[in-house]
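Okay, got some structures for you below.
Same chain, two partners: subunit A is paired with subunit B first, then with subunit C.
After this line comes the complex of A and B, so read on.
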C-alpha cells in the first residue's frame, strides 16, 4: 500500500503540491485527473522518488521511503513523451531493467518476449526506437515498465501523444495488462472521459490540492466541490452565479423554481452548475421546474452525432456567462442568432460560496456525450 | 549554370593555391626554389622529407606535439564531460554566470597567459614537459568543450536520465552505457576542436618547452642555419603538419556536420 501523508512540495516560492493525503491499494487503478499544471506530474515524481517532499511523509507498505534512492525503489514510470534509449534496440530497451537487476539470460529472454507479445512488439524487437512509429515507441516504454514487475507503476499521460485509434485501443488494454501484475497503477490524465473509461479510482487535483478521491463514477456524479466538478467535465461545466430567495433561484438572466429537496438550503449566494448535455435548446424537456434562459449563439461545433452550441447568456460584454449546450444530431445555428435554453431544476448542481456542493441531481447518470468527447 | 559555376571554382583555386605551392616547394631543391619561378619541380626530390623523417631533432617535434595534443584532448574531455552534465542538468547558485565566465576565458589572447604560466610552471619544475603544455592548453579547450557538450547534453531529454534511474541504473553505469552513446557526435566535435587548437597553438607551447617536449611548430621557426633558410625542408615540415589535422577532419566530418545541425559549434 502506498500512503501519502500531508505531502507538500514547494519549489522556490511556488507551492506545487499542498497537503495531499492519499492511500492507494495494491492491484488498484488510480487516475490522477487535473488540468495541466495542477500538480499531477509533480505528484507522480514524488511517488517515484524522483523528488522529495518538502513536508509530509510517503510510506510504502508502512515504511517511510524518504531518502531511498529511485534505483532502490520498486517503481516503473512511463512519460507522455516517448522516452526510450535511442542507442539500444527495442529488445534491449525492454530488457534494460532486468539486465540491471542481473537476471539470467533465459529469464530475460522469456520475460521480454512475453511483454513484447502483450504489447504486439514481437516483430520489432531488433529495431531501434527511432525506426518505430509513435505508438510502437510508447508501447516499448510500456513494455519496459511492465517487464520490471514493479509494485508501483506510474503512467504520466501515456496516451496523450498518440493518435485517436491507438489511444482507444491501448486504453482498453492497459488496465487489463497491468492489473495482472497486482501493482498499484497510477495514471495521470487531463481527460475526464479517460478517467471514466479506465474505471477504478479517480483523484482530482486542483492547483496542487487533492479535491476528491473515490471510485470514478462516484466522483463524477457527486463532486464534493465546484473545482472537482469543473475538472471532471468535458465539455466545460456551465456555471452562473445565483441568489436563493425562498424556493427560487434568481440571477440576471432567469428565475428558477427549486424542487422540494432544496428548500432546506439557507438563502444566500450560490454557484449554479449544469452539465452541457442537460442544457436543452428546445423547450419540450418533459422535466419539472424548467427555467427558460435567453441566450445568443457564438459558435456551433458539429461532430456529426452531436453539436456543441456555444452561447452567451443575456446581453453583450466580456462578463456575461458563456455556456455550452451539447445536443444530439446536427444543429447548425447561425452565429448571433438568439435562442432559448431550457434547464431543469432536477438536473442542476448548487455550490455554496466556498465552493462546497449543496445539491446534486438525483440521478445524474452521465447519459450523454462523455464517451465520444475526445 | 556554367557561368555560375565559375565562382566556386575560382574560390577553390584561390583556396588551394597556397597549399599547392607548399606541396611543390617541398619537392624542390633549395637552389630551385631560390633561383627560378616554376609551377612544378624541375628536379623532383624527396630529400626534404628524408631529412625530416631521419633527423630526430625534426621528427621528435611531431612526436612531442602528438603527445601533448592527445594528452590535452583526453584531459579536456574527461573534465568537460562531468562539468557539462552539471551545467545541463542541475541548477545551482551562479550556474549561468559561471557558464559565461568559462567562455570569457577564450576571449583573452593566449599571449596574456604566457608570463604567469612560465613562472608558475617553472616554480613546479614542469617546464619542458608534455603535461605542462597539455595543462596550459586546457585553459582554452575546457571551456570550449564544456560549451559544446552542454549543448548536446541539453538536447537529450532529462526523462531519459530519470527512466534509467528508475530502471535501476547507477549514475556511472547510466553515463557510460546510455548517455555517452547519445552525445557521441558532441564528444567527437569537442575532441576535434580541442585537437585543432592544441595542434595549431604556437606561443604557449614554445614558451613552456626547451628541448625534450618541443613541438614541431616551434622547431619550424628555427630552421635558420649558417647557410641561410632551409626552404625545402621547411615546406616539407609544413606539409607534414597539415596531415594530422586533415586526417582528423576526415574522420569526424560527419559528426561535425551533425554537430552544426544539433548542438552548438
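After this line comes the complex of A and C, so read on.
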C-alpha cells in the first residue's frame, strides 16, 4: 500500500503540491485527474521518488521511503513522450531494466517475450524505436514498465500523444494487462472521459490540492466541491451566481423554484451548476420546477450525433455567463439568434460561497444507495 | 510532370550569376591553369595532365599531405572527446548557462590571424608568458627550433580555438534531450556511463556528424595560424598543403603545378568528407529504409 501523509512540495516560492493525503491499494487503478499544471506530474514524481516532499511523509507498505533512491524503489514509469533508448532494439529496450537487475539470460528472454506478446510487439523485437510508429513506440515503453514487475506503476498521460484510435485501443488493454501484476497503477489524465472509461478510483487535483478521491463514478456524480465538478466535466460545467430567497433561486437572468429537499438550505449566495446535457433548448419538457432562461447563440459545434450549442445568458458584454447546451442530433442554430433554455431544479448542483456542494441532482445519485451522505 | 515554365528561369538567374562568379568561373580558371604552362606574360602551352603527375609523384606533396592527415587526426581525436566532455560538464539551467556560452563563444569570435598572433607572442621563449614560464621551469621548449614543440604549440592553439565549436554543437544536442529520458534511466537504475552510452551519445549523433565534418575540413585546410606562428618551420616541419600551395603559387609563381595541386587538395577534402559523412550517417539510412514497413 502506498500512503501519502500531508505531502507538500514547494519549489522556490511556488507551492506545487499542498497537503495531500492519499492511500492507494495494491492491484488498484487510480486516475489522477486535473488540468495541466494542477500538479499531477509533480505528484507522480514524488510517488516515484524522483523528488522528495518538502513536508509530509510517503510510506510504502508502512515504511517511510524518504531518502531511498528511485532505482531501489521498485517503480516503473511511462511518459507522455515515447521514451526509449534510441540506439537499442525493441528487445534490448524491454530487457534493459532486467539487465540492470542482473537476471540470467533465459529469464530475460522469457519475460521479454511474454511482455512483447501482451503488447503485440513480437514482430518488432529486432527493430530500433525510430523504425516504429508512435503507438508501437509507446507499447515498447509500456512493455519496459510491465516487464519490470514493479509494485508501483506510474503512467503520466501515456496516451496523450497517440491518435484517437490507438488511444481507445490501448485504454481498453492497459488496465487488464497491468491488473494481472497486482501493482498499484497510477494514471494521470486531463480528460474526464478517460477517468470514467478506465474506471477504478479517481483523485481530482486542483492547484496542487487533492479535492476528492473515490470510485470514478461516485466522484463524477457527487463532487464535493465546485472545483472537482469543474475538473470532472467535459464539456465544461455551466455555472452562474444565484441568491436563495425562501424556496426560490434568483439571479439576473431567471428565477427558479427549488425542489422540497433543498428548502432546508440557508438563504445566501450560491453557485448554481448544471451539466451541459441537462440544459434543454426545446421548450417542451416533462420535468418539474423548470426555469426558463433567455440566451443568445454564440456558436454551434456539430459532431453528428450531438450538437454543442454555446450561448450567453441575458444580454451582451464579456461578463455575462457563457453556457454550453449538449443536445441530440444536428441542430444548426444561427449565431446571435435568441433561444430559451430550460433547466430543471431536479438536475442542478448548488455550491456554497466556499465552493462546497450543498445539493446534487437526485437522479445522479443512481441506485448505489449512497443517499445524501458526503 | 508539369510543363516547363520559362519565366521561372528569371527567378533563378540571380543565383546562377552569383554562383557563376563566386565559384564556377574561379574554379574553371584554376582548371585552365592546371593543364597549361606559361612563360612570362600571357604565353600559354597545353601540357595536359603533366602537372598533376608531377604533383602526385613529388615527395614534397606526399610529406605535406601526411602532415595534414596527421594534424587532422590528432585534432579530431582531441577536440571531439574534449568538446563532448566539456558540454557534459556545462550547467543546463541558471545563470551559469549564459556565462558558459559566452566564454565558449569567445575564441570563435577571434579572427584566425589574431589567434595566430596571440599564440605566436604567448609562446615566445623571450617575452611570451607561456614560452618564458616553460623555459624558466626548466623545460627545453622552443617552437621555432624544435619540430615537436612547434607541433604541440599548433595543436594546443587549435584546441584552444576550435574545441568551443564542438562544445556548442554537443551542448545543443544535449539540451534537446527531454528530461523524461534521464528520469526513465534513473528509474531503470542505469549507470552514468549507460546514460551517456545509450541516451546522450545516440541523441548527439547528428550534431557530432556536423562537428566532425567541420573540424576535419577546417583542420585539413589550416593555413593562417601556422603561417603566422611558425611560417611552416622549423624546416618544413609544419608546412601543410595550404602553406606549400601558397609558396608554390605566389612565392615561386609556378601557376600550373599550384593549380593542379589545389584541385587535388580540393578533391581530397571532398573525398574524405564524403567518406566521413557516409560512414557516420549509415545508421540513419538503415533506420530510414526500415521505416517503410511499419
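Please note the rule applied: the second predicted complex is superposed on the first by the 364 of 374 C-alpha atoms of A that agree within 3 Å, B and C clash if a C-alpha of one lies under 4 Å from a C-alpha of the other, contacts with A are read in each partner's own complex, and residues count from 1 in each chain.
In the analysis below, a residue touches a chain if its C-beta (ideal position, glycine included) is under 8 Å from a C-beta of that chain, and two chains touch if they have at least 3 such contacts.
None of the values given here were measured: they were computed from a predicted structure.
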item	value
Superposed partners subunit B and subunit C on subunit A - clash or fit	clash
Which superposed partner A:81 touches (first subunit B, second subunit C, both, neither)	both
Subunit B versus subunit C as contact partner of A:136, first or second or both or neither	second
Partner chain(s) touched by A:48 [first = subunit B, second = subunit C, both, neither]	both
Chain touching more of subunit A, residue-wise (subunit B, subunit C)	C
Touching partner for A:330 - first (subunit B), second (subunit C), both, neither	neither
First (subunit B), second (subunit C), both or neither touched by A:353	neither
First (subunit B), second (subunit C), both or neither touched by A:127	second
Touching partner for A:250 - first (subunit B), second (subunit C), both, neither	neither
Which of subunit B and subunit C A:100 touches, first, second, both or neither	both
Subunit B and subunit C footprints on subunit A, overlapping residues	48, 50, 70-71, 75-77, 79, 81, 83, 85-88, 96-97, 100-101, 141, 144
Parts of subunit A lying in touch with subunit C, wherever the complex brings them together	45, 48, 50, 70-72, 75-77, 79-81, 83, 85-88, 96-97, 100-101, 124, 127-128, 130-133, 136, 141, 144
Subunit B-touching residues of subunit A, taken from the complex the two chains share	48, 50, 69-71, 75-77, 79, 81, 83, 85-88, 96-97, 100-101, 141, 144, 148
For the subunit C and subunit A complex, residues of the former touching the latter	178, 180-181, 183-184, 186-190, 194, 198-199, 201-203, 287, 290-291, 293-294
In the complex, subunit B residues that touch subunit A	157, 159-160, 162-170, 173, 178, 181-182
